[in-house]
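Order of writing sets the labels: A, B and C. Residues in every chain begin at 1.
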């Protein structure tokens, strides 16, 4: 009878954990709508449908590729690089796996898939307005099938970075950092939109068509991010040797708190820098700063205390305007939706600050240096791999002149050229020669602003 | 003491199941926002507020009617048509039902209500831009109070189709198929928008005002659909004879996987057909194809394996452009938001493919024919009933000249005519004579496109 | 062994409760996106980014202030005003609280924080289009750090109104009522937007720029409100003396039902009054009426039966057009997004109707009068405190001429003036002299409409 009750408890634990994992998985899926709106709002009206189509197809193509290939690649890479040989899930489980096992395995697969698709979809924001759809979708197949799975294989799935002690709680580096680096690399190879930079190297602004959609996307992302971070404390309950304990939920309150304070501090950090430099609070800096704050704490949300979250979030927000200007003015890369400052550098920052803010009490007092080495190695390996793989694919497309649309198509807009649609057929004729005035001169990028920097 | 612990376990099971059912019910409710955006984006700017008002009032009027009448009709119809006499829930439970019973019953009622409102709201997308508000809202009362409840009564609630073995897991036919058929019937009886068809029978395009809102609606719907399908695996835990088991959650992983692959394949299927025919990827086909893929697997998500989901989703997506053109060019019905191809034919397709893709191992090896007969009968009965009941109501309104607004009101737009509002007072003057050029000639429907099919 | 199983059950109960509280907390957080869209849609295109920035910063600044200060103020006020001395949570818990305790405490804190931020963000809708950002954000610090926490301290946290028996289930008065009163007070002190009223005291209309965003916000809010109300039935399971019971979930079905019927009746009530007065159904009345219906039942959703929800929701909806006109025509206050009729008067109405609709069977048959006194006292105390504190802060800003932007900045729009951005750079030039025709005359407010009241 007691044994029967213990079996009951195991069922209860499995049921509760499934309810949680499914709920947060749905929230993370909804981040896709957030990315769609965030990016759509930050591109020209003539390129909105293209951005939305990329979003829909990144999910649709990517999730099938990740099912048929990516998940298995993760497992194989983990095994090959010295980790424990993990079970190959997804398509390779076969068709008729016993119900209960299939439930756990396939729910776990979907939980992994929504993280993979987050990484994949970040890239489209960087290359908006000129990347050729076929080149982009080919890259989607690679990032979902190989590039991201390799990163997961060497880290979470148990590969050599995992063995080394690389710490990334919910994907600040593994998901967002790699997505941001991939986006920057792709934007660099594809080249800037026409009129984005002048012959003398100075930058023009090509403001997005709707700040409203961008902020809506920001808030949808923040909503889904609670699933992303808090949900990563994956199992409310643990069952072992006949006893139930509070599983990884023992620290879930800390993760929820740290996520909240990180995003708040990020918005304040970015908005504060803008205010300091211009006397005005650029809405897009506040919105993207909130996201940078979230990225900043994502890798370390399980191991920092709340003052750490405030500091990391603030730094992640403050670096946004600085890195955005650096990418534009020094690197002269046209990262349309600021995906590198938001996801890339903020993700790297969070991962590298881990040794500073991780609480010794949760680590047996490991030294800062011993914590720092795996973080530095991990960030470096992920960055180099992501850069190299992305550069290889977009470099190949570029070599054969297929990385970007023709100048004519870019001028008329990708919506017409690639999709045959007009996103807003009733709202006037958007200016097609974006970035230049009627007299042909460029519109300078508002100094200290993410966008126009309109004067009173 | 052991008995006490068993009582505890029963409480735990009830608590866990309530948490799940409530969470997914909220997600399904949120689909209403998805429909609002999807439909608003696909209508002219002058008709947006009308579409949104219909959406709000479909929910508000419909849910009260379903509470006072519809739920009881389901129970009565189930009993009358030979099913087990089910308990009459909702308003007829009285006021003072014991707390615990009321909780279970009323949560179950709300879970049923959000499905009912999904069916009801689909219709508004088909009749956009010309249906009279009073006619539409009268129909809402009938669909929420009688038409949909009868369908549920003869199927899920235990009526004769249920007894025959008709299989519809989460409402691919019962909810979406019937909604799509109702929409097509209503659009046929009300007639097309002015200028939608030329005298020679050829079609003009009247493009919707915002693809952005349409895609936002698509992604909100996909998010809510996880609740719709995965949530239908209603009870995480089961408690019987003192023992807890993993309830219907034993297959929840399969449902989550199949739902994911079905929507992905649907988007690819519809986009692929568009690409094949035109060389361009119409954004609205991709978005609606994703939804058609979801509809396609909804009836069968519990009993197919993943290759089946890929095939059914792909077929559901591929039939979308074909059926959309058939409805337009052959039937000459103006189904504004493509609700029949998305919900109707995709729902029928999924239900009819059940015998082909249902896994014998879960059915004791029943023959394809023995599985097919109830599906064919079920689809036929639901289609005929929905068509007849809808035709009777809109036919009556048409007979007395009340089914659609006056030509003047249609030209100026329903927002002004029926609601006294201007949805976008600052964004220029939308062209009121939609569907025709300044010289009075029609704008041909882009061949192979869902909308304009703009040339480079 | 039995003891061990009881410990297991306690863990299970804690895990289930955490899953629920976290899920509904995320839903309530998402209401922030609803407010952002609802308010953005109801302001001019030139002020949208300002509204969105306020929303983002209300959350970001407010939640940190509530963490560092507000939550502690609640606890202290509760203790000082005679309640049981409650534990001080949030920042004052320290850094290293034991994991399990921190989880419960910090999740509870976040659950409280999302309610606090709801109250704070309501205010921005009333003062849109002319409040100075610095004044508004200073007020945000006060409402998050002191004003709202004092209200919670004297009520939910156990202060003297709680001791008196003041009943407010989920914050119909404590959150929405106080937010609506604060908004009205602020709008009064800051004064109306230019051209909103004519010299003879008659009102002009300044229609918002997008009904679509307003309705999207409405539906997001309704979605989140299920978390707000149903979630307040906070603990699915209770564990005491070794036994598990169904916690506060015993009445959760009633709360879900009442919330559903209340919002439906609210939309019908407001839409019906509009229809009666004008023959047309103003979309914004329907949308805001749905929200007013939700506010109306929020204070009493645990203790009324369904006919009560229909009546209270209907009354809350019906009072909306009446109170909106009263505020405009009698008080001549420019409450841009109708936050007082939606949140203020509807919240007061619900709280005051409690004695009428509370079911005696759940109260041991307390007399209507004995129930009414604490409600009247509670509503009065909250209203006076909120009014006085808000008036002090905005009065001080007004005294030094810092409450509103300059007339030039108001005319050009706050987006350019305060943020240096153009929300819709491609959609024509919005009319800057809003509220007046080209000849300088005002556009009269449509009688019986929330907005223009356009004629056929």
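Remarks
The rule is simple: a contact is a pair of C-beta atoms (placed from the backbone, for glycine too) under 8 Å apart; a residue touches a chain by one contact, two chains touch by 3 or more.
Source: prediction; values computed, not measured.
Superposition of chain A on chain B using C-alpha atoms only gives a rotation of 120 degrees, nearest 5. At the interface between chain B and chain C, under half of the residue numbers involved are used by both copies, so each side presents largely different positions. The centroid of the Cα atoms in chain B and the matching centroid in chain C are 32 Å apart.
Each of the following residues of chain C touches two or more other chains: 5, 9, 12, 16, 19, 23, 210, 216, 424, 427-428.
Interface of chain A with chain C (complex): residues 2, 5-6, 9, 12-13, 16, 19-20, 23, 27, 44-45, 207-212, 215-216, 218-220, 222-223, 226-227, 230, 236-237, 242-247, 249-254, 256-257, 260-261, 263-268, 271, 278, 280-284, 286-287, 290, 305-307, 310, 359, 361, 424, 427-428, 430-431, 446, 449, 451-456. Interface of chain A with chain B (complex): residues 1, 4-5, 7-9, 11-12, 14-16, 18-19, 22-23, 25-26, 29-30, 32-33, 36-37, 40, 48-50, 52-53, 55-57, 59-61, 63-64, 67, 91, 95-96, 99-100, 102-107, 109-110, 113, 133, 210, 213, 216, 408-409, 412, 415-428.
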